[in-house]
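Each of the next two complexes has chain A plus one other chain: chain B in the first, chain C in the second.
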Partner chain A sequence: MGVDIDSCIERLYLGQILEEREVEQVCRALRLLLAEEANVVAISAPVTVIGDVHGQFYDLLEIFSIGGRCPDTNYLFLGDYVDRGHHSVETISLLACLKLRYPQRIHLLRGNHESRNITKTYGFYAECIHKYKGSAQTWHEFTEVFDYLALAVTIDDSIFCVHGGLSPSIQHVDQLRVVDRFEEIPHEGALADILWSDPDAEIRGFGRSQRGAGYTFGGDVVERFLHINGMSHILRAHQLCMEGYLVQFNDRLSTVWSAPNYCYRCGNVASLLKVDPYLQRDFITFEAAP
Partner chain B sequence: MSDNSSHPGLGATTPWLQTQVKDLVENQQVIQVNSDATIEEACETLIKHNIQSVPLYDAKTQSYVGMFDLHDLATYILVKRSSNTDMDEISPADCSDLARNALTLGKKKFGARTTESDDVVVSRIADMSQINPFYSVLPETTLAQVVAVFAKGTHRVAVMDGTGKIQGILSQTRVIRHFFEHGDSDALDRPLKDLGLVTGDVVTVRPDTVVMHALSLLEHWRISSLAIVDEDRRIVGNLSVADVKYVARDRRLARATCIELVQTARFVQGLHDGRDRAAVFSVRPDASLRYALTKLIATGAHRVWVTEPRQSSTPTAPGAPPPDSTTGTPLAPRMRSGSISSASGPPPGTSMRRASVSSTSAQTVPIAPQHYGGSFNDCVCGVVSLTDILRLLAESLLPKANADPEYNYGSMD
Partner chain C sequence: MSLDYEKIETECVGGLRIGGWEITSCHMPILSNSAIEGYANELGFNVPEMIFGNNYLCLRHVSSGQELRLRAIDALKMVDTSPHSAKSVQVSIAENWTESSKRNRSDITDVIRPFDWTFSTKYRGSVANGLQFCSSDTGIDYEKLMVREDILFYDENILYEDDLGDNGTSQLSYKVRVMPSGFFVLQRFFLRVDGVLFRIYDSRLYHQFGSDHITREFSTRESPFKDIVCQLPKKKHDDEDLSLLNNIQFVDGVMKDPLVEYEVAQINQACKIDSP
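Up next is the complex of A and B:
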């Protein structure tokens, strides 16, 4: 690989963005690496799970200072690295380099914002153009990488982790394994659902989502999914939680949210979730970095 | 406003239409604005409550003097721009007859005189666009009459009792939801295109079209929404008249591009409830009416775009230079590993779509086959709005040609 990855990481920790040429090389190498990953990656605890970050780079550094740096700590990120915050470029660049450098120590799932359509509207495209002097090349590179990100992770075959939620098309995890994920997130279908759906304590079964993509799903759907797949818990992100996290359905599903003071105005706290080797879950909350 | 349940033909087959409007607006918290509020104050109310229009109340006369909605604001902005700017500054591509027509309309009502200051009271521009005038109905009015009004394009009516007090605002969305929950129609399972619901004329703009030009299109064509498309007619976003309220907050947005206005609107909307929304709501022409309705009702949108797959696909040659930066088409053929992640199982979409969903709950939805929703690669070919659907319902209400000649259709108004 022609790029000095350690130098990239060092500069990124200081908040310096990479050169366009370096982004190209990192992304190209990362695509090769991710192409080897399955749609559903199996990992083991202990691992620290992180929810939406949304370009809040200084809060990402806060996460590393609370949770420990990678590779000292194993990390699982549930998606939504870009858009809305002002430092999406730094955020995704750092995470991409860390994945390249320590592929077994950090896992990155795809979120609904890891999409060409969404990033054109919610800020990442504009930020790339701005930070790279009118060139959209880095946006092209990163959005290509997004098509390769894994869809879900299982922790010790017991905890199912995904960005959004469940799909009426997927009862068994094996069905997710055979989806062709290497494309832009479609408007409909299993791939869209996994990244867009939300739990809803007030319904049973699946309902149409207000978001215009994915579904809402009730506690009965969660129970059935866990039962069929022999698992104990679902971890997901995708929805703002004022307290940083939310546990629902009799402790069968948790939402982790890791962007404090979302968009610099919501005033929420954020959390990171430590899963220990015995699969005990422990939420640590934190506020926005000064 | 006569109750037409006395007409046996209609009442017997369509009970949902006999619902009185007061039942649909029960317990509604009515938002209103004083008629002497400024335009900015009125827009802040719209943003805060996430609504598209608001009745204006005059405390002095203790009566309602009009409805302020975003079409009025759009017209006002066009008028103001024309009197503050030399018309030559606006390029022909920007403005032309369309904007001039809108301006003429606005100037008739508002007058050519405008002030630099933005302290214009909202009552002066209420109903300026004449698109959604203040329309009131009595609480006992049935849906049958309201559907006819909605079919003509009015988006909402005020339910007012005899004392002049507003009990609630009844919108097209609310009526459609009532129909979906209580009505019955063979039409529900038929494809949109067979029902004649897919209107081919879609007014589109490009992402870099200036907002002013988009506003003039909205007012000229008397529509509420534009599709933002790239040069291949793929929809990249949706500019609605609802997005105009953000222009009141930040006047510079009037000179921004459409995509910038949409970005601002989505940014603020997602903060509302912490849930971001899909960029585009679309369906294929062969989607059923039921499918389109569930999408409309769940999202609260006033229309869905109809898209179809592109006729010919032009694959990008390997090693070709990156395409134009605004299209976002893939750069190079996919690199894949030989075994794991490629589709070594059954092709996507066969076994999955037959998977069953719990049938015990009324909330479950049939799995939509993948082709019902539009794909991001589709071209826009039409639009289905609430008005179109209500027009269909209104037409199906009308008795057949050999109906009772003594029935007075005028009372439908």
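Up next is the complex of A and C:
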């Protein structure tokens, strides 16, 4: 690899974006690395789990300031690195470089925003064009990388981590292991479901969304999944939490939200979740960086 | 006309006392989880993700107590909850989705408590203390409004917003401006469902200080998604950039042919307009 990854990381921490050719090289190398990763990656605690960041780069730096820098701290990111915030390029560039440099210390899951279609509307595409003087090349490189991101992580075979939630097509984690993930997120099916679905305390089983596409799932689905897979808890992101996190279903499922003052106007706090070697979960909340 | 005025400025509320009116605009963060639960129980559906339930605009005529407020909870009470409300708009992939998932799964529950998940509302404001609007033939005097004047108070505020599960944007917001001659308010409901449609419902309120009425115009516009997309400015390199569709000003500028209703409300002039 012809790029000096440490120099890239150093500049990114200062908020300086990489040159286009550096992005190309980092992304190419990252795709090779991620191709070797399974759909469901097994990791061990301790690990600090992060929810949606959505291009809020200075809040990402705040996360590293509170949680410790990678590789001193192990990190698991649950997806949605880009769109809506103003610094998606800096955010995904830094995380990509950290993954390349410390592949066992940081894990990046795919969120529903890690997609070509959605990033054309919600800001990442426009930001790449703007920051790279009219060229869409970096957007092409990053969205190619997105196709390679893992879908789920298990922490010590006990905590199941995804971006969105559960799927009616996946009762056992092994079913997720055999999905072909190396493509744009489809409109339906297991891959779509785990990136898009939401828990709903009002229903039992899976429910069809009011909007015509997408599923919700009740506490009984969570219990059944955890039981069948011998696991204790589900961690996910995807939904805004005013208080930074939300624990549901008798402490069987948690939503982690890591974008404070979301869209620069919500006034919400965010959280990071520390999972210790005994699998104790501890939410640390924080406010937007000044 | 030159009136004395008094500024109102607290931590969350900004505004003005002028011409016998008190005009206040309140900014607070989104509701806490417990307050959200309360709203959901009252409404019978889940509230928008960004619910600024404590934000408001209040236009209060001091001597009579008549007032008009803009508040999220009242706007949400006008969201359709009839049996077919959920299906009136569906996301762009819904047609194919339903067929495919119907084939495979009979054990999935259909929609239990339908509601219009786009949060579309034809809310025009909440009136109190005898303020009442009735139909009228005349609209707002835009020529008077366009006369250049000092702006003594200006504010923009959001009442609620939701990203429709990353399928678009639904937003209710307002802008208020107060000039020496009167006040003008635009409350806007904006909806974009990606790949499907745009809606803009506007409520405009205008009062000239010294006059005995408020004029209200309520306008509705709706366009298929593709009709707006084809009006995106053509750029050399990036015809794929759809992010301008997030820009409400842009969409407002290209959506035409509103249906407009005119209304008027009388103000009880109990006494002469005095400076505060």
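One rule holds for everything that comes next: the second predicted complex is superposed on the first by the 286 of 290 C-alpha atoms of A that agree within 3 Å, B and C clash if a C-alpha of one lies under 4 Å from a C-alpha of the other, contacts with A are read in each partner's own complex, and residues count from 1 in each chain.
Everything below uses one rule, namely that a residue touches a chain if its C-beta (ideal position, glycine included) is under 8 Å from a C-beta of that chain, and two chains touch if they have at least 3 such contacts.
What you are looking at is a predicted structure, and each value in this text was computed from that prediction instead of being measured.
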{"item": "Combined model on chain A: chain C and chain B, fit or clash", "value": "clash"}
{"item": "Which superposed partner A:C266 touches (first chain B, second chain C, both, neither)", "value": "both"}
{"item": "Of chain B and chain C, the chain that contacts the larger number of chain A residues", "value": "B"}
{"item": "Touching partner for A:G79 - first (chain B), second (chain C), both, neither", "value": "neither"}
{"item": "Which of chain B and chain C A:R181 touches, first, second, both or neither", "value": "first"}
{"item": "Contacts of A:I203 with chain B and chain C, given as first, second, both or neither", "value": "both"}
{"item": "First, second, both or neither for A:G219, with chain B first and chain C second", "value": "neither"}
{"item": "Contacts of A:G51 with chain B and chain C, given as first, second, both or neither", "value": "neither"}
{"item": "First, second, both or neither for A:G67, with chain B first and chain C second", "value": "neither"}
{"item": "Touching partner for A:G244 - first (chain B), second (chain C), both, neither", "value": "neither"}
{"item": "Clashing chain C stretch [against chain B; choices 20-28, 38-46 or 200-208]", "value": "200-208"}
{"item": "Touching both chain C and chain B, counted on chain A across the two superposed complexes", "value": "112-113, 118, 120-123, 126, 135-136, 168, 187-188, 196, 198, 203-213, 215, 239-241, 262-263, 265-266"}
{"item": "Chain C contact footprint on chain A (complex, rising order)", "value": "112-113, 118, 120-123, 125-126, 129, 134-136, 168, 187-188, 196, 198, 202-215, 239-243, 246, 262-263, 265-268"}
{"item": "Contacting residues of chain B [partner chain A, same complex]", "value": "207, 236-237, 259, 262-263, 266-267, 270-271, 273-282, 294-295, 297-301, 322, 325, 328, 330-332, 334-337, 340-346, 348-349, 351-353, 355, 357-358, 360-361, 363-365, 367-368, 370, 372-376"}
{"item": "Residues of chain C touching chain A in the complex", "value": "28-33, 36, 49-50, 86-87, 90-91, 93-98, 100-101, 105, 107-115, 117, 158, 164-167, 194, 236-238, 240-243, 245-246"}
{"item": "Contact footprint of chain B on chain A as seen in their complex", "value": "31-32, 35-39, 84, 112-113, 116-118, 120-123, 126, 135-137, 139-140, 143-144, 147, 168-171, 175, 177-182, 184-190, 196, 198, 203-213, 215, 218, 220-221, 224, 239-241, 262-263, 265-266"}
